[in-house]
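First the structure, then my questions, so here it is.
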Amino acid sequence: MKVIDKIVHWARLKSPWILHFNTGACNACDIEIIAALTPRFDVERFGVQLKATPRHADILVCSGPVTRQIRDRLIRIYEQMPEPKFVVAVGTCATSGGVFQGLYNVLGGIDQAIPVNAYIPGCPASPMAIIDGVVKLLKSLEESE
Amino acid sequence: MTDAETIKQKLEAKFNYLKGSVRLQREKRLWLETAYDKFAELFDFAVKELGFSFLCTITGLDEGENLGYIYHLAQPGGIVLNIKTRTKKNEPIKSITAYFPSGNIYERELVDLLGAKVEGLIEGLRYPLPDDWPRDQYPLRKDWDAKVLEKGSYGEMHGENVQMPIGPKQIKGPTSFSIAHKNDVTLPIGPQHPALKEPESFSVALRGEKIAGVELRLGYNHRGIEKGCEQRSYIQDIYLIERICGICSHSHSTAYVSAVEEIAGLEIPKRASYIRTIIAELERIHSHLLWLGVAGHEIGFDTLLMYSWRDREAIMDILAMLTGNRVNYGINQIGGVRRDITPDQVPQIIKVIETLEEQTKYYIQLALEEVTLIQRLSGVGVLSKEDVLRLGAVGPTARASSVPRDTRKDDPYAAYAEMPFKVITDDHNDVYGRTIVRLGELMESYSMTKHALINMPDGPISVKAPRKIPAGEAVSRYEAPRGEDVHYIKSNGTENPERVKVRAPTLANTQAVSKMLEDRYLADLPIVVAAIDPCFSCTDRSISIINLENEHEKVMTWKDLRDYSVEWYKKQGVDFSKMKRRQFP
Amino acid sequence: MGYALFNIFIFPGFLFLGVISLVAEYFDRKLYARLQNRVGPPWFQPLADFIKLLGKEDVVPEEADKKMFNLSPVFALTAVMTAFFYIPLWGAQAIFSFNGDLIVVLYLLTIPTLTFFLGGWYSRSLFSTIGAVRSITQLFAYEIPLFVSILAPAMLANTWSLSEMAAYYNSHPWFWLANLIGFGVALISLLGKLERVPFDIPEAETEIVAGSFTEYSGRLLAYFRMAIDMEAIVGASLLAAVFLPFGLGLSPVLGFILYLIKIFAIIALLALFRTVFARLRIDQMVEFCWKYIAPIAFFQVLLDLVLKAFVIR
Amino acid sequence: MSKKPWIHPGKMIEFVLQSLFKKPATVNYPFEKMKMPEKFRGKLIVHPEKCIGCLICMKDCPAKAITIKKIGDKQFEAEIDLGKCVYCGQCVDSCPKKAIEITPEFELAQIDRNKLKVSYNAKPGSPDSAPDKA
């Protein structure tokens, strides 16, 4: 079965479907995530497609410092995604809470709620930085096969 | 004698106890204080006779043993009357929703964040704090500290009607029960939904494809920025306020900085206010192009998203060249700007603007001739002129219903007094009109930016500002791409501001969303919501409940909802009560 | 016997249909991207998507009806595959043909839409229920014009079998020009059947998440997506066989190339429609179909009747 | 806007077909490096030997991303957490000794979190030790 696993692994790396979720961000990173889909950066070259439902998605791209109200929805969305799933935290807020650290309604970072596979700092993380982050995540998955 | 002074005369003539206490801090800003028992009569006089027809917002202050309230009323001419009053902490105040229906958001916010008691406020979901926030904790009070929340990860989940306890402990009942009506389906849209770029949740009662009622629950974006501003210095606050919203970051930072400069009495150099205006207009261009793309995406016209965002990249490069970052420019500092526009950058900007002008002319042509676009946009989200005035809508949403409300014209700030531009209005009253208004404003912004770039005066770009701002207070208004943005700042002479109040444009427009959604199709909900170009991270608040049959909306706990649906199904002949419910571990 | 098995499984059968539908999806997505001035996916993208989905965990919601949830994608796939045998691809002879196979093909092409409804209804989630109901309302709007516009050339050729129709038009050249109006109507109805943009209301991404496919993931989603791709190929070759029956007498190799050109031209037209139009609302779509498309289809039938009665003795 | 222009479906067809023949507006990013404008605010570099330990940068940082530790008399170690920094450049402006410099480098994505913490310390004696690269 070695060959089959290799093919499935190749397919998983070549068609990473993403689901975007804003956990209380200032929506600068969300606009940059969607800007990565538009003609100038066009992540469809890597097979990335923005999907609408957690059932279809492989990578959960989150932005925002996880406010208290959205923490449970984030966990529920993460649970709804079928296995081999990954989480990418886009922007300084998703990595550590950024300027919103210490505010009463903010938990400060995605890793306070769900396990995170890749961090992309930047306020906002430019579309190029997001592509660089996704490529680094895929490369690290390739080696860890 | 400016008309602000005539108003001051009229006030002092009518109420003799006000003699001499009406302060004219700067042209178009009137401040006055009154005891709460005389407040109602004064408020009625100001709204009815003096023509203050627009309620900017209500600011709540914690002043030791009593609560201070400031009602900011504005005239179409741009004059803002700020009425200050105060009551004991547990003394109730009367709701002003009789004069301004949109006031119930501001009052519900006072109740939630400051613990004010407001009579006559219709009951509704919590706002802006999360559902599981302990009831008697008021974060904006000076004596409140965050230690309370350490008890459980979100404090204890008690309270008689903690509604919809979200999270793993939630019992999974049948999803398609109905609250509003027998044959309706209640469809939860959000907080994760492809149409919404940001987390907000609508529960839409549907009758077939028609929307019967919409309940809008926000607060997912509430980060507690106002409390944060009180714990940080003025310099740190610039970067916190700037990140309220990613697309209109320059709006918030300019409004905040100009209010602080007004308190500190700083006169910023001409060149700095010109640079602020240029960056403001460049931000309006990129924000409107972004909106055009999002509107196209909402109605399934992705090609418009791809092309308008491809053109928008040119403006993002210009902004990155000028300010050092694509968004969150950080160009403002107290007393001026941090970076100058060098003469060799000017021709580059003008060249990009000319190419964009051609492209926008094509989009205007497209909006007038593409059949499917016109069919999906016209007649959708209708808002008449009276509704705009009654619900207090601002920005392109108001201007598309022929209400010429534009803060750049009424109450010019930065260098807008010397900018030649005309306010674009339209009489379609619907989403199509808003598209035309935004495209028209794009053309205006192009010409304004070119004009500002060409005759920008030389000179210094900033003035030395003290770290400690003297005591005082100020209100500043700014015309953000989505509408009028109001900042109120109160300082007490230390390095940290005492109170920072931000009222974002989308907060005023959300009232209008519920009006626009009456008996529309479900398919129109995304485009109607997108038409006010919501920026919920600005708003992170606002709640509005419409029940077309104005059946009184009862607040139900999760258990009631479940029992209600079980009986309802029993009447339909299906018995769910014995249904096995998987208990979460 | 061996040759028939080869026909069914390998050449103009399942394997060929699978490969050609993946190639068609790539062609469609690449053209769609190029029309939007961006680069678009690499050539192996549809294959990678399909294999990845096969390798993913398929989650069946707890409240869903397990049997129907799992079976609907399989029904969709089988219906589309069997419809492929009765369509004459190149040359005037399909693999199987009998008098009345035109009706069988039309009904086999309706089954996938029914399975979308069943899959959506039985996955018990709100979004998929609404998506399912919408796909049925849309079915009534585009199905009648499609049937009527396809029956018109059949009436002209005086037969219910696709192969005999192809033979008739082969022997009477230039007659197919009379059916061009019907071709336009059938193309627009094919847009509705494949749920492409002006009519992709059942899975409107920004309104009801992913319509009836909201709860599907992993293998089942792979089957559904493959069924839709195959339906595009089968629909395109049906339209090519009925409305563009020229050059059927060529040698098998040239005929095969001409057939490929025809279906890829139809796929390109669908991609162009997807780029240029915005999505209509369900009420606008039904109104548009009944107010404009259905009368034109009936006019096409009238035209053929007149032609048959007076022009061709 | 008053005169009703002739409304025809598919207005974008010519425009869309033209872009079929134009080169796509896509930048082949990870394979060809793309540079941000030269004054772009990206990663921060600290020259520890210029630092006099006045801690103004720690006071002014809106995200508490920079910490300065004293490791010897007149020797300070600066540690910047790139995961917390919002790249606003306020520390660059308020540092009296211009010890902090901003570079346009923006590709800072990391797989594990603590690789984002970058520290610059002037070892006693060595004039300008290479910051231990993340």
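Each chain gets a letter, A, B, C and D, in the order it is written, and its residues are counted from 1.
Throughout what follows, contacts are C-beta pairs under 8 Å (C-beta built on N, C-alpha and C of every residue); 3 or more make two chains touch, one makes a residue touch a chain.
Worth saying up front: this structure is predicted, and the values here are computed from it rather than measured.
S.K.: Which chains share more C-beta contacts than any other pair?
M.R.: Comparing chain pairs, contacts are most numerous for A-B.
S.K.: Can you give the whole-Å distance between the Cα centres of chain A and chain B?
M.R.: So the centroids are 28 Å from each other.
S.K.: Roughly how many whole angstrom separate the Cα centroids of chain B and chain C?
M.R.: 47
S.K.: Using mean CA coordinates as chain centres, what's the gap between chain A and chain D in Å?
M.R.: That pair's centroid distance is 20 Å.
S.K.: For chain C and chain D, let me know how many angstrom lie between their CA-based centres, rounded off.
M.R.: For chain C versus chain D, the centre distance works out to 51 Å.
S.K.: Would you please write down the residue numbers of chain D that are in contact with two or more other chains?
M.R.: Correct list: 9-12, 16, 24-26, 36, 62-63, 86-88.
S.K.: For chain A, give me the residues that contact two or more of the other chains.
M.R.: Residues 38-40, 42, 45, 52, 98-99, 123, 126 of chain A touch two or more partner chains.
S.K.: Could you tell me which residues belong to chain C and also touch two or more other chains?
M.R.: Residues 33, 35-40, 127, 205, 209, 275-277 of chain C each touch two or more of the other chains.
S.K.: Taking chains as nodes and touches as edges, what kind of graph is this: line, ring, star, complete or other?
M.R.: Its topology is that of a complete graph.
S.K.: For the complex, which residues does chain D have touching chain C?
M.R.: 9-13, 16-17, 19-20, 22, 24-26
S.K.: Considering the complex alone, what residue numbers of chain A touch chain D?
M.R.: Contact set of chain A toward chain D: 39-42, 45, 92, 95-99, 101, 111, 116-123, 126, 128-129, 131-133, 135-137, 140.
S.K.: With touch defined as at the start, can you tell me which chain C residues reach chain B in the complex?
M.R.: 35-38, 62-63, 124-127, 129-130, 197-198, 200-201, 204-209, 275-284
S.K.: Sort out for me which residues of chain B touch chain A in the complex.
M.R.: For chain B paired with chain A, touching residues are 129-133, 139, 146, 149, 154, 166-168, 170, 191-194, 197-199, 219-225, 227-228, 231, 239-240, 243-247, 249, 290, 293, 305-307, 309-310, 312-313, 316, 325-328, 535-537, 540.
S.K.: Considering the complex alone, what residue numbers of chain C touch chain D?
M.R.: 33-40, 272, 275-277
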